[in-house]
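Notes follow the structure.
First chain written, first letter: the chains are A, B, C and D, and each begins at residue 1.
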Amino acid sequence: MTDITGLDAAFFRRWLTVAGTAVDREADRLTELDSAIGDADHGANLKRGFAAVRDVLDKEPPETPGAVLVAAGRQLISTVGGASGPLYGTLLRRTGKALGDSATVTREQLAAALTAGVGAVAQLGGAQVGDKTMLDALVPAAEALGESFEAAREAAERGALGTVPLQARKGRASYLGERSIGHQDPGATSSALLVAALAEVAAG
Amino acid sequence: MRMLINVPETVVADALRGMAAAHPELTVDVEHRVVLRRDAPVAGKVALVSGGGSGHEPLHGGFVGPGMLAAACPGEVFTSPVPDQMVRAAAAVDSGAGVLFVVKNYTGDVLNFEMAAELAEDEGIQVAKVLVNDDVAVTDSLFTAGRRGTGATLFVEKIAGAAAEEGAPLERVEAIARRVNERSRSFGVALSACTTPAKGSPTFDLPEGELELGIGIHGEPGRERRPMMTSGEIADFAVDAVLEDLQPSGPVLALVNGMGATPLLELYGFNAEVQRVLTERGVPVARTLVGNYVTSLDMAGCSVTLCEADEEMLRLWDAPVQTPALRWGR
Amino acid sequence: MRMLINVPETVVADALRGMAAAHPELTVDVEHRVVLRRDAPVAGKVALVSGGGSGHEPLHGGFVGPGMLAAACPGEVFTSPVPDQMVRAAAAVDSGAGVLFVVKNYTGDVLNFEMAAELAEDEGIQVAKVLVNDDVAVTDSLFTAGRRGTGATLFVEKIAGAAAEEGAPLERVEAIARRVNERSRSFGVALSACTTPAKGSPTFDLPEGELELGIGIHGEPGRERRPMMTSGEIADFAVDAVLEDLQPSGPVLALVNGMGATPLLELYGFNAEVQRVLTERGVPVARTLVGNYVTSLDMAGCSVTLCEADEEMLRLWDAPVQTPALRWGR
Amino acid sequence: MTDITGLDAAFFRRWLTVAGTAVDREADRLTELDSAIGDADHGANLKRGFAAVRDVLDKEPPETPGAVLVAAGRQLISTVGGASGPLYGTLLRRTGKALGDSATVTREQLAAALTAGVGAVAQLGGAQVGDKTMLDALVPAAEALGESFEAAREAAERGALGTVPLQARKGRASYLGERSIGHQDPGATSSALLVAALAEVAAG
């Protein structure tokens, strides 16, 4: 359970399960968004990835928060493909690594680890805030998580909505130039879903 | 959804099973999603490995065989494959002479192949990479993911594949691949959008009587929409877009490529116009290939790729190749 | 009108110009609409001449070359060529060993080739004819123009072409061609209609979610309309329709053919299902060819052709062929 | 001119010119009919053929009615293709041959010659009245021409309309089996156009 003193492996497994359910529910919407400025596969990609994550966590549930995220990240890398596979995979893996091997972690520790994970995503993809990518949701979310889960959820949601007026400079949407303006980024949208799942699980 | 499929989830696996049945001369590992030369690893020879999202057939699986790719890794439709596939392919085809990854320049492909290269190197495989980025429709590459890899992939795979078959060492195969890419440019046009199995409806809405100029091969809209043009006007536009960026001093290889649903009858007619424009612009053509080679599912449309070919490249182009989709000499 | 053309009136001439540019190994007479083997007439050898309406590419022009056709006569889109073309082709390729006309069974093709045969014989050319009529979708042949010639044309042209290349005399080449046709059956399915340049809109109206079973290759509606089926269900239906009429005692050649706009990815997946059905029905498959070979412009759909092949037919199938669309051995 | 005593070469050239104009005007309709039960080329086929006929008659106008029809028929065979090329070509050639080489012919002579031409079409294509082909217009027209041009026009028109309820037994439409019922045959329709052109020219 979401003990005030610390978040355990079960908490993280629950997060990824709830996130997977959210992805399943919103898959068509994510694909629809990706269809407007990408290649119409973002929903299917994450659905496939989170189904595989669920499988691996069910089969041999890792016993620390760090191990849960590392295993999930690896699984995303091995099953998603596309841009989001390595990026989300790296996000979870590097966040997990930063958590070390303690049995429970605090929200503050998670916020710091997530910041490291988001940094790894930025480095891998070479993008920064404002490029109309998942970073537009992830960066503010990691920052706000220092405050509260709910603040993180709101920041991610705001970040995702904030991609609408932006012109994409990374990923497929960038090929469209100005025609990418006016559409919400699918990756930022899925990031907001993941953070919302986190807040939901934290809320109990 | 006018698709000849069972369910969207199994299209790639189904296609690989069907490919295995049709091509006993290849090894098709359906479970792990790798298509291999039957005789791999070939002693002493560099092995080319490529891959990318499915939906571009015959690229890449149809280019596996003597004189071209040693292995191909098909991803889900329009989704780059995962590193596991590439590492498995590299391990299966490496004879010790090293592996060249041929990577189309898309964020997903680049990231997954990068991860795979690291992992393969950990396994003691020497890996080089060449990035294909020929699509001139993507401008301002500073503010984008850079030019997409499209038709030039075929030139790179054929010519570098022939060099590998001749026994050239990894650095030379890599250098030739790089040279082919640097001298190649493409431009594509859509007359209709395509429909991915996962989405089940066209990826964009293109009214009758309009076309998209500067499209890629993933069903993304192009840079610009225009009222319908004639085949001759499209040839003028596409060839000029390519020549704006590539001023060949010698003869070119030309690929007049169909996006999938454009009949060969129309493609040949389009080729006549492409040749006319090239003649008018004073560009001699050494070889021309016309057909559906780098496709975008059921998109109607075409692309033009030109490659300024030196004598070595022409010799390697003419060298024997034995793959499902490209086959000549022996 | 989503077509890559200039004007409907010139599509065939434009395509021939484009074909000439892409295939210097062929002689393309654009004015007289004949595609010829470069080295014709080949001394002492029987020459195969075929032809038919355009819109089925690569059939027939893509099958001209050593080991297959000596010449092809392309008509207007979906319109049989005229006798003048066939007579000219026959005269150009006849070495004195005689000419075999390969004629798909359509009223127009039959009548025009008949007239051509008479005229060619007047010029002293020995002419034999074989009629291809493999389409089992046409039933009650007493009350129709008879079964249409579709996919089996490829088998007839390849196998009889190999026999001619080997130096077999006209009667033998004709007999083999006839045998191939007699042992071949096809069935086709449309997921969409096609659009002819002259009409500019689909030849029939097929709502989303429905398909036409038993179509030909000229955009005509089929025998029956049904709600959309899966690839596996279509394979069951098509293969069973063929096997109802052909009970092969030995291994078959299988052609899993695309009608033009169906992606190769889907065709390969469909092939997996065709192979499954054949295995279930106990029919061994000797060779499988998957691709867009006998098309119907931009129609989405597929056809299955099976040919009960004896050892001689298999040997001739495997014999070298060097044409734009079919190429192996040497 | 349409002299009461006889129809001369100019009359037949005019017939073919007027027929060509009618074909041009009705080409889309013919193609539309052919689209329903055939392969959507009948209009284009005849347009191409009659344009070629016009060319050849303009260049070296033959001097007898028979020669005009023979030249036109040859031209149709050489330029139309499909089923209708050999059939209409044979119709005109054999009608022309039956007219012999007199400089003028009577309507009665034409009726007899046309009957011969129509017979040649029936023999070549192996069809008979009721098979839903051009013969359904041509056979009654040839018969009625013995009476008057106007009767021939009416008979052809009636014959063409009469193909609607028929099930096709020849040509492409036969592939459709029962689905061919309810559509007017394109060849019978064009035959009615040609006979109407004849009546129009005869009416002066």
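By our rule, a residue touches a chain if its C-beta (ideal position, glycine included) is under 8 Å from a C-beta of that chain, and two chains touch if they have at least 3 such contacts.
Everything numeric in this text was worked out from a predicted model, so none of it was measured.
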item: Distance between the centres, which are taken as Cα means, of chain D and chain A, whole angstrom; value: 74
item: Chain centre separation (chain A, chain C; CA means) in Å; value: 53
item: Cα-centroid distance, chain A relative to chain B, in whole angstrom; value: 31
item: Overlap residues in chain C, where contacts from two or more other chains coincide; value: 77
item: Multi-chain contact residues (two or more partners), chain D; value: none
item: Touch-based graph of the chains, sorted into line, ring, star, complete or other; value: line
item: Which pairs of chains touch, using the document's own definition; value: A-B, B-C, C-D
item: Chain B residues touching chain C - in the complex, by the definition given at the top; value: 1-7, 10-12, 14-19, 21-22, 54-55, 57-58, 62, 77, 191-192, 208-209, 228, 230-232, 234, 256, 260-275, 285, 288-290, 292, 295, 297-298, 300-302, 327-328, 330
item: Contact footprint of chain C on chain D as seen in their complex; value: 31-32, 35-41, 43-45, 48, 77-87, 124-125, 167-172, 174-177, 179
item: Complex contact set, residues of chain B against chain A; value: 8, 53, 75-84, 106-108, 111-112, 114-115, 137-140, 143-145, 148, 196, 198-199, 203-204, 216, 218-221, 223
